[in-house]
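As structure tokens, here come the structures.
You will see two complexes here that share subunit A, one where it goes with subunit B and one where it goes with subunit C.
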Partner chain A sequence: MTTIEVPAAIDPVDRPEGSPADAESLAGTLLSNAARISEFADEAAALAAPNYLWLGEAASAYSEHAAAFAKKHEPMAATLKRVARGVDVFAEQLRTLKSDHTDLTGDISTYHRDRNDLIADVNAADDVTEAEIAALQERARGLTTQRGGLISEISSFTQRVTANEDFLVQLFTGADTTVEARRADGGIDPLALSAIGGMPSAADGPEKMAEWWAGLSEAEQEALIAAYPERLGSADGLPARARDDANRLLLDSDLTELRMKEKEGTLTSDERQRLENAEAAEEALKLADDYVVPGTDEKPGGSLWLYDPAAFDGDGRVAIGVGDLDTADDVSIQIPGIRTEMTDAPYYTDQAANLYESARYNGDGSSVATLFWLGYDAPTDWYDPATITEGRAADGGERLATAVDGLRASRADDPAHMTAIGHSYGSTTTSYAATEHDLAVDDVALIGSPGAGPADHASDFSVGEDHVYVGRNSRDLVAFMGDEGWARKDWIEGGLGVDPSSRDFDGQRFEAESTERGTFRNTDDHQRYFDRDSESLYNLGRIVDGHGDDTVGAEQTYDPWWRAAVDPEKSRTPTGDLPGRSDTGLNP
Partner chain B sequence: MTEGVYYDPLATQILIPRWGTQASQLRAAADGISSASTSGLPSVAQGAAGVFLEMWETTERRASVASDVYADELRSTHGAYSNFDDEIARRMEALEAR
Partner chain C sequence: MRARWKAVAIVGLFTFLLGGCAPTPEGARADLEKKVATIDATTQDLLDALREAGLKDATARSVVDACEGMPDPGVMYRAGIEVKVGDDLAAAYAALVDRLDATGWDDTDAYDDVKVDPAAPAGQFTRDDVRLDVKTGGAKIGGEQYGSDEMQLGLTMSQSCVRVPVGVYASDFQDLEKDILPRE
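Right, the complex of A and B next:
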């Protein structure tokens, strides 16, 4: 008699308790109240301040007592805010766990179906051959292996559910007495308190940061994000997913606090600017999150890679990604130019989405992520003296190189093909990064460039001259500002360097004319490089996809000594939506 | 004893309503916390959440009462200064009448 060992059934797995939406609602209530307490502490401190209308012993006694009262409440607001953010982190993790539970339950059902089929076949087997017995045994062995895997997954899942619930309980119990509420570290999970001590400084480099993060448990990471989102949201070397989680917490917290103050009429002018920046980030992030590649069902998802709405005297710093920055085969980073502030984030996120579409549509099937990065202080406007000098570009170049090093370090074991695309003054910034800070990308594209900053020749770039691509619309007034021929920034006052589309610079110029281009040079044509179904977007997509060799080349500009600089592209008829030249996606 | 005493009634007139506003703000915060629902949390966390919310509600209500007390004390201080001023004036007038 032959025995077929059918593995045991698997008990159903409990669905994690709780509702993510309700937990988020509770977090919102706590955040609003944290903002109220913070406002109260500020106002109480102001009311306690001595003033010239009342002097004497009574006035001093009042001031002293009221100041102490105000001071007690300062840390309480921070504690409540930390707990609120922790509840948000719990809610997000609960959402993931519920989704994982659905998947796991599906896998268990499949296992039971296969198991029942096997039992039925075994019971029906009568007078079977050796080969049929071997086949049944093979199916049983397969099911045993499958069961082992599922049991292991269930165990891991259950541990994650417990860790998430423990984290929530710890949040509440760590801040449920007035003594705890008033402590500087009130509401911080002990796991986070112990882990934060090992966090390297930015000066140690992004590799150390990445190593530190990778060495933490999931529970420690979760606790750290809840407790220290300000430190983690901009920590170069951390995975984009972790930065995104931290920055979304900061964004939610800012929006809740500032909107409440706006409603109550207590916003200061600085706070109003911060609110405008936060709302722009919210809108841009929603665009990225909800983006579906036109004509397809592909939804790459968004991420908030950098969020600092108070930076640069209120201009803000922000970076928003389309696609998965942690895993994509091809990653691009777009550096904008003058007049770019955080409030422009939705416009640039649209461009990142267009670039994503182009790279995928004409691509080789590799996965893509595009990142709009405003991590430097771009000059304010055309009239800003900083616009015709390179100080901001030099500073921005260093910041850009550091940001790219961070992206690289966050996935050192899985390096992406990376492209930096500098537009307008951002091309000068990119040139600084690639010339003076060893920008760690594979390809560079400069578009609408008013000058390549410190680089005289494409070979000055860290990527090598064959990987420096240049797009210039012949009607683009700003791109006309670059030095040509004898007119060099060393000889004239101001200027941003050599026109990278020129023969002198010798980059790989590609077609970038627009069917909507003007008759004369203008600033509108400076903004058409990311238009859908345009030559420029087509070629940028090819570069991002790692196929810069496939760009459609354009003849370089040149400057004969007897006349003004010549742009051979001026007389060429532009194409639009032409396959292999300017078709960048399915028509909606 | 300080080097001198100066009291302008404007001082307390400014402070009293502002403390009153703070008291209202904290009452609103306490009400907000007391109405927060924990029903969407896992059962294992509901007890801890309840204790947590109760403590914060109590703390904020106490702070609102304290703010009201500041307003009351300042009102009373203003009354004391005024009464003292009136009393001295009355005595001076009485001296003149002798």
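Right, the complex of A and C next:
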């Protein structure tokens, strides 16, 4: 008699208790209350300020009392805000756990179905051959292995559920007395308090940051994000997912606080700007989160890689990604130009989505993520003196190189093919990064460029001259600012450098004309490089996909001494939606 | 010194060009709605043409997309038609082209230099201000094949991009997006 050892059944796994939506609602209420206390403290601080209309002992006593009141309430507001953010983290983790529970329960059901089938077949087996016995034994062995894997998954799942619940308990018990609430570290999980001490400084470099983060447990990471989102949201070297989690907390918190103040009519002008920036980030992030590649069911998802609405005197810093920046085979980073502020984030996120679509549609099947990055202080307008000089581009170039180093370090074991795409003044910024800061990308594309900054030749770039691509619409008025003929940089104090589409620069120029181009040079044609079904977007998609050598080339501009510079593309008929030249996606 | 004046002139020119003709939300919507009327009517003409070509059960959908970009953003309205035509894409394409010829569409020379698989033909046509792109056989995106037995038609207008004020997005015009139904 042969024995077939059928592995044991698996007990059902308890579904995590609680509702993510209710927890988020609680977080919102706590944030509102934190904002009220903060407002109260601000008001008290204002009342404590010297008032020359009211002097004397009573006034001093009042002022002292108001100051003490403000001092007591500020940390309470900060603690409550931390608790609220912690509840948000708990809610997000609970949502993930519930989804994982559904998957796990499904896997257990499948296991039981296969197990019952095996038992039925064993019971029915009578007068079976050796081969049939071997097959039954093989199925039993397979089930045993499957069971082992499931038990391990259940154990890990249960630990995560417990850790999340402990996290919430710690969050509330750490701030449930007046003394705790008034402490600078009130509401901070002890796990976070001990882990934050090891956080490297930005000066240590993104590699150190990545190393530190990778050495933390999941519970420590979660606690840190809840407690210190300001420090983690812009920490170069951290995975995009962690930055995104931290920045979304900051965004939610800002929106709740500032909208409440707006409703009550107590917004200052700085806060109004911060609210506008936060709302633009919210709109842009929604675009990225909800984006579905037209004609397909592909939903790449969005991420808030950088969020700093008060930076640069209120212009703000922001970066929003489409696709998974932590795992994509191909990653691009778009650097915008003058007049770009944080409130413009939705428009650039649309462009990032178009670029994603183009790279995938004409791509080799590799995964893609596109990132719109406004991490530098772009000049305010054409009349801004900063526009005809390169100071902002030089500073932005360094910041861009640092951001790319951060992206690289966050996935050092799984390097992506990376492309930097600089548009307008952003192309000058990109040139600085690639010429003076060893920009760690594989390919660079300069579009609508008013000049390549410090680079005289494509070979000056860190990526090598064969990997410098240039798109220039022949009617683009801004591209006319690059050195051409009489308007040479060495003649003008200021100016933004050599036109990268020129023979002198010798980059890889690609077709970038638009079917809608104007008759004469104009600014509309400066803005068509990311339009769907355009030559430019097609070629940018090929570059992002890692096939820059497959772009449709265009003849470079040149500058005969006897006349103005010549653009051979001027007389070519542009194409639109044409396979292999300007087709960037399926129809709606 | 002469060059400095030229630099100042360039900056002044940009300021002048960018300063005028600021769009209003109402004006942008009115401009876009004119294009909507043209695209919708043309889409219905094409649904008729497909039916007459023996290609049944076509579906049409319109969308509002962002176009151009900052500092002067815009939106555009376009439509797409899908129809399942089976394995013989070339025969279906030929039948449609006959109807397009008969209804005033001109074949452009856009595909003259493009290598197209004869079994999955494609073409570009114009009528008045509308451009029609016809493709067959779908596309492979990220390893997944979409619409291999389909013909896809895309409709756009020339000068399709309508300038919108900063702070207005394509999503503000979502009410214009719809399934376009054949005429009764």
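We take it that the second predicted complex is superposed on the first by the 584 of 588 C-alpha atoms of A that agree within 3 Å, B and C clash if a C-alpha of one lies under 4 Å from a C-alpha of the other, contacts with A are read in each partner's own complex, and residues count from 1 in each chain.
The rule is short, and it goes like this: contacts are C-beta pairs under 8 Å (C-beta built on N, C-alpha and C of every residue); 3 or more make two chains touch, one makes a residue touch a chain.
Predicted model only: the values in this text are computed from it and were never measured.
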Let's test your reading of the overlay: on subunit A, do subunit B and subunit C clash or fit side by side? fit
A:Val463 in the overlay: touching subunit B, subunit C, both, or neither? Say first, second, both or neither. neither
With both complexes overlaid on chain A, does A:Asn587 touch subunit B (first), subunit C (second), both or neither? second
With both structures fitted on chain A, tell me whether subunit B or subunit C touches more of subunit A's residues. C
Should A:Gly576 be classified as contacting the first partner (subunit B), the second (subunit C), both, or neither? second
Let me test your reading of the model: by the given contact rule, A:Ala175 touches which partner, first (subunit B), second (subunit C), both or neither? first
Is A:Ala242 contacted by the first partner subunit B, the second partner subunit C, both or neither? neither
By the touch definition at the top of the document, which applies to A:Gly18: first (subunit B), second (subunit C), both, or neither? first
With the two structures laid over each other on chain A, which partner does A:Gln351 touch: subunit B (first), subunit C (second), both, or neither? second
For the superposed model, what is the least distance in angstrom between any CA atom of subunit B and any CA atom of subunit C? 33
So in the complex, the part of subunit A that touches subunit B is made up of which residues? 16-23, 25-26, 29-30, 32-33, 36-37, 39-40, 43-44, 47, 51-60, 62, 66, 69, 73, 76, 80, 83, 165, 168-169, 172-173, 175-178, 181
Subunit A - residues contacting subunit C, complex: 283, 287, 293-296, 298, 336, 338-340, 343-344, 346-348, 350-351, 354, 360-361, 363, 365, 367, 381-383, 387-388, 477-478, 480-481, 486-488, 491-495, 515-516, 522-524, 527-533, 575-581, 583, 586-588
Touching subunit A in the complex, subunit B uses residues 1-2, 4-8, 10-12, 14-15, 18-19, 21-22, 25-26, 28-29, 32-33, 35-45, 48-49, 51-52, 55-56, 59-60, 63, 66-67, 70, 73-74, 77
Residue numbers on subunit C that touch subunit A, as the complex places them: 3-4, 6-7, 10-11, 13-15, 17-18, 61-63, 65-73, 78-82, 110-111, 114-116, 122, 124, 131, 133, 135, 138-144, 146-147, 152-154, 156, 158-161, 166-167, 169-171
